[in-house]
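The structures come next, written out as structure tokens.
What follows is chain A paired twice: with chain B in the first complex and chain C in the second.
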Partner chain A sequence: MGQFIQFAINGLMSGAIYALIAVGIVSVYKATKVVNFAHGYLIMFGAYFYFTFAVIIPGQDWAPAWLASWKPDWMVEMREGLSMFSLLGAVLDWAANVPRIICGLIGAVVCNAILGRVVERTLMRPLMGQSVFAMIMVTVGLISILSGSASLIWTADAAFVPHIAPNTPIRFELFGSMIFLFGADIVNMIIALIIFGSIVAMVKFTKGGVAIRATAEDQSTAYSMGISVPKIFSRAWVLASATGAVAGAILATRNGISPSLGLFGFSVLAIVLMGGLDSYVGCFIAAMAVGVLEAMTQWKMGGEWAEIVPYVAVLVVIIFRPHGLMGQKEVERI
Partner chain B sequence: MINGNLKATYGADERVLNNRNKQMFVFGSIILLALFPLFADDYSVLMACKMGILLIAVVGVNVLTGYTGLVSLGHGAFVAIGAYSTVIFSNLFSGLPTGILPFIVVPMAIAVSALTGIIVGLPSLRVKGLYLAVATLAASFIVKFLIEQDLFAPWTGGIVGIDTPVPSLLGWELDNKREMYVLITALALGTMLAAQNLFRTRVGRAFIAIRDRDYSAEILGISLLRYKLMSFAISAGYCGLSGALGAYFFARILPEQFGLDLSLELVAALIVGGMGRTLGPLFGVVVVMLVPELIKISMAAATGGSLELARYTGPVQEIVFGLLLVFFLLKEPLGINQITDRILRSANRWPFARG
Partner chain C sequence: MTLNRRTFLATGAAATAVVGTPMILKAQPAEYVLGASLPLTGPFATAGQLVAPAFALAQKMFNDEGGIAGTPIRFVTEDSGYVPQSTLANYQRVLATEGKACVGYFADSTGAMKLIAPELKGENARLMGSTSFASELANPQTNPYQYISGPTYQDQFDILMQNIKAAGGSKIAIIYSNTEFGRDPLEHGRATAERLGLEIVLEEATKPQGADIPTHVTKLAQSGAEHCILQGYVTGVWPQLIGGARQFGLPIQFHGTFWGMEKLIADRITKEAGPFLAGYQGVMPYRYFYDRENAPRYEQYAALSKAMFAGTPLENYMSTWALQAMCGLELAMKALRDTAEAGKELTADNVAESLSGISDWDSGGFFGGPVSMNNNKIGTGRVYEYAPDTGLFTPVSDWLST
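Let's look at the complex of A and B:
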């Protein structure tokens, strides 16, 4: 039982990150009816941008010393006399990294937002009004372009990336069994949930969100009601790649940086289809379910089998519910 | 339509090569292909063989995506199943005389591939378009994962791959690349002709009707269940043949050869060449295979063969591959076949307006 709870909690934490990635795919789909196959590679770019701004730039000679490692006098004083693994020590270690974490996050979000906008302007905008097949295939072509560019730009071996939050181990008792967690994972989960929640709230309650939903409902009607559809398109792409940057930064601290981060996007694509392409709630449920299922598979069958869990799950769900768990059924006219 | 061709009989109108220019193009190409191994060097023959193998698979994707309108991003898996079944059955029936082994093993590999195609195609009855693309993608990830498992390693060799047998057709050992070239070219031409003729039959017409509008097709009395699954089976069968030839051609097969890259390459070749056209796969494969090769040669010439810069070749090839796909989707969605059509048409009407 104790292990079950432990793995379930681990699963929920990775599920939250899946949800954060899924929100990018769903936002783009809702606004533009395009499923972005290259979203995983946008996330990979986010991870590399985080690496650039949090590790490479502070490491340069011209960068100020406080950026690489922030150690004011009072912090050094507090650090003295602490034991190796104390909670305060971990927090202080993290505090020294705060400037470069902030620099990394801001840099990653800004650069990725620019990247998303460039992609939208150069590749998606010329295809507006064309068949959905062509648009989707363009995102497939984008996969090769992005992964090739990443290995062209960042040839250096990926090094350590600073955790976003103090990575202190936490133990507590739940239902009479010990649970063991890392602080950074909990903070990652909270960040993911906050971003997910605020995007859902934005789409639901703000004026821009209503415009996105109107465009999703019917593009030409939205156009004639005075909504600038091209603007909605680029907003959706910018939103998706900015959230992707945060997801990329989190993934980089969890799994390390490599071009194979892009493959993550495909399992999230499977999750999104499972939940229903146009439903935030469905995707959230699917992401959590797949996260937990993956953790359980890891526990019972070993880590390797966990990697195909999303694909098996999506095939099973699609056969019984063709539009996902909570997706809207498309009405077709002949 | 004034197309400059006088047809005096129905027979002449129904021919595959229904005008002089097409005949000259096709027969000229066949003669060139026949003469090719006599003066080409080993590397060119190797490239030609790889193109032929890829071509057969792309013809298969064309049946499904180009003619039936079902998008698949997982056809690399069918090629993998064809290749691995060939090796596994060759090892299983190693007691039989080697001369007749390929005649048993290859049809069985095609059958296994087609059967898998039917299973993967089952969701196509309920989902379409994008959902189907993701379903096939998921299926291909699962197939590749199963091949890599230690559980099946005694048969598949697991992640390190497995050695492949040398084919022998009734005592003719195909142990060098030139002999393989003959077999591959003949089969590639055969499959293209078969695909061309398929779409002059009842089944092929049904596929096209489904592509154009599946509900309308159903109202016309075309069973979607039957024909969609048939399309999946035929398409997977072609890919299985391609995989079987690949297994005979390469000395060793590895699971990585059949990953996402292969599936994307198949679809990209089809889009670049022209979907739903007989010669589309041919043009697409030539471009998709030759362009990276040209980049490699020109990069080697530009950098003077320095190892320092050689590692940029792979990423540049990848980027150009993506740009090719995007370029054709944006500028020439009907592919190279549309360009050659225009040229052929203007040749036909010469000296009148091109139109």
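Let's look at the complex of A and C:
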């Protein structure tokens, strides 16, 4: 039982990250009816922006020393003699990085939001009123533009970034089994859940959210009711890019920085289809289910199966519910 | 034209010269071309972009030495994006544009080598090296024109397991990426482990990128392994697995194979995440670039790097990935030069024959001593250990052969 819980928690932690990635795809779809195939690459840009503001800029000669490593005397004294994997040692190591982590996160969110806005204004808005298929094809083309640009700007060099939270090991006994968890993964999961919950609440309870839902329902009617549909489009892209930046930063802390980060978006597309393209809650359930299924399959059947079984589940769901777990039936499939 | 004594003699002399000239001179182009595909974009772009400058260095060095029997060489390198079909297309393009002047090719993956292998027939055959250490390619019967510039992954597993056994290890785990690259030596590894009396307590496949580290580390913790071999990774997953295991407090000794043994990556991880790679070991077919004592070829590379790459990180350090490409090119050049010196045409058959005949070759420092091509590979290497405080991999075993 203890082991089951261990792998279930591992799966939930992965699932939360999937959910954070999925929220961007759903947001753009809800507002514009466009399936954004390039979302993974927007996330990759977010990861590179985090790398820029948390590693490259603090490492410059002109940057203040405290930005790269904040180590007041009292911290140096406390740190002495502690192992890097002890609870206090890990917290102090993280604390020294806090200024650049904050700089990285703010920089990533702002820059990615600007990128999202630029993409929407220059590539998507001119196509408003045209076939949705054309807009989807533009997102496919955007993949090449974004991956090529990232290689030009940052090169393809592999790099590593600081964890957003202290990566302290957490151990406790449950049902006779020792449970091991990574502190940073738990915080990542909490961040992902908070962002996800905030967006869902925003869409449900705020004026802007109502406008998004109205636009999703019927663009012409939304227009006639005084809603600025182009603004909604723009907001959706900015929202997707900003949340994508946080997702990118988290992914970069788990896997390092490389152009292959962009590929994550494709696996999450399957999860979004399972949940329902226009349903935040459906996608959340699907993301958690796939995360747990992956972990359980890895545990019981091994890695060869772990890459197949969850997506077989996605297929089964789509066969029986073509609109996804909680998607609207009239949603047009692609 | 009136035929008189003078014109008769002149025509006769010219005809004799043409008929008497060896075939090789008649067929010899103004320059020889060696094509190459590199993953300058795509998932392994980090490696591709570090390897690319080695080709410029090699071209200058080989030409300064007289090319192939006095004929200069030129490299034609193209991006493949790590897509085997693109490598095949690049190969076909260089054959179409350069024809017989193209005398060799460097491919960038096992997949590309396998895809191109059936094409290497008759006029389309060329000697072909690559970044791959795939065991399946080291077979002159099935792949006569393709070669491995070092030990295969199976050989590398053998070397690691010999070393683990010598260190008194008994329980090992194998964590590998769920790719052809990752799975390559598994079956052979099982047989070697059994032969050496090692127990494999865990075989765990992971995604090649973005693996679920907590889940893999949990399984590793439960396995009770003393040693863990990591196979099929380049820049990612392996450092996170080791970091995760150290956080869990697992005292497991980790071992890598060639592509997971790059100092640049280990240094970057140490700088960003701390010195948790201390003690990480792995098999390396070649000396590291900083180990240049009694390595005259490395000294030549160093002098050229200083001149050609001044002001860049490549000025002082050549990555292991670039060294692997250089070793492959050195082998190809040796085979080509041996063939030309023997007065034979540089056909794929002749060059492949020269390659398989390489014996007691003094590589100038790549390997511990003279080496020979055996089954189109060089089955030797040694185990190195990383020390974060010095940022160096240093040898912990003698040169081991399989």
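Here, the second predicted complex is superposed on the first by the 315 of 334 C-alpha atoms of A that agree within 3 Å, B and C clash if a C-alpha of one lies under 4 Å from a C-alpha of the other, contacts with A are read in each partner's own complex, and residues count from 1 in each chain.
Here is the rule we use: a residue touches a chain if its C-beta (ideal position, glycine included) is under 8 Å from a C-beta of that chain, and two chains touch if they have at least 3 such contacts.
Quick caveat, the model's predicted, so the values are computed rather than measured.
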item	value
When chain B and chain C are modelled together on chain A, clash or fit	clash
Chain B versus chain C as contact partner of A:A236, first or second or both or neither	neither
Which superposed partner A:E307 touches (first chain B, second chain C, both, neither)	both
First (chain B), second (chain C), both or neither touched by A:S260	second
First, second, both or neither for A:P169, with chain B first and chain C second	second
Which superposed partner A:A286 touches (first chain B, second chain C, both, neither)	neither
Touching partner for A:I143 - first (chain B), second (chain C), both, neither	first
Chain B versus chain C as contact partner of A:A192, first or second or both or neither	neither
Contacts of A:I21 with chain B and chain C, given as first, second, both or neither	neither
Which superposed partner A:F180 touches (first chain B, second chain C, both, neither)	second
Overlap of chain C and chain B interfaces on chain A (superposed complexes)	147-148, 151, 155, 263, 304, 307
Chain A contact footprint on chain B (complex, rising order)	71, 73, 122-123, 126-127, 129-131, 133-135, 137-139, 141-142, 145, 149, 213, 215-216, 219, 260, 264, 267-268, 271, 311-312, 314-319, 321-326, 329-330, 333
Chain B contact footprint on chain A (complex, rising order)	35, 37, 123, 126-127, 130, 132-134, 136-138, 140-149, 151-152, 155, 263, 266, 269-270, 273, 277, 304, 307-308, 310-312, 314-315, 318-319, 322-323, 332, 334
Partner chain C, residues of chain A touching it in the complex	3, 6-7, 10-11, 13-14, 55, 84-85, 93, 147-148, 151, 155-162, 167, 169, 180-182, 185, 251, 254-256, 258-261, 263-264, 294-295, 298-299, 302-304, 306-307
Residue ranges of chain C in contact with chain A within the complex	40-43, 45-46, 48-49, 178, 203-207, 209-219, 221-222, 234-237, 239-240, 244, 246-249, 265, 268-269, 271-276
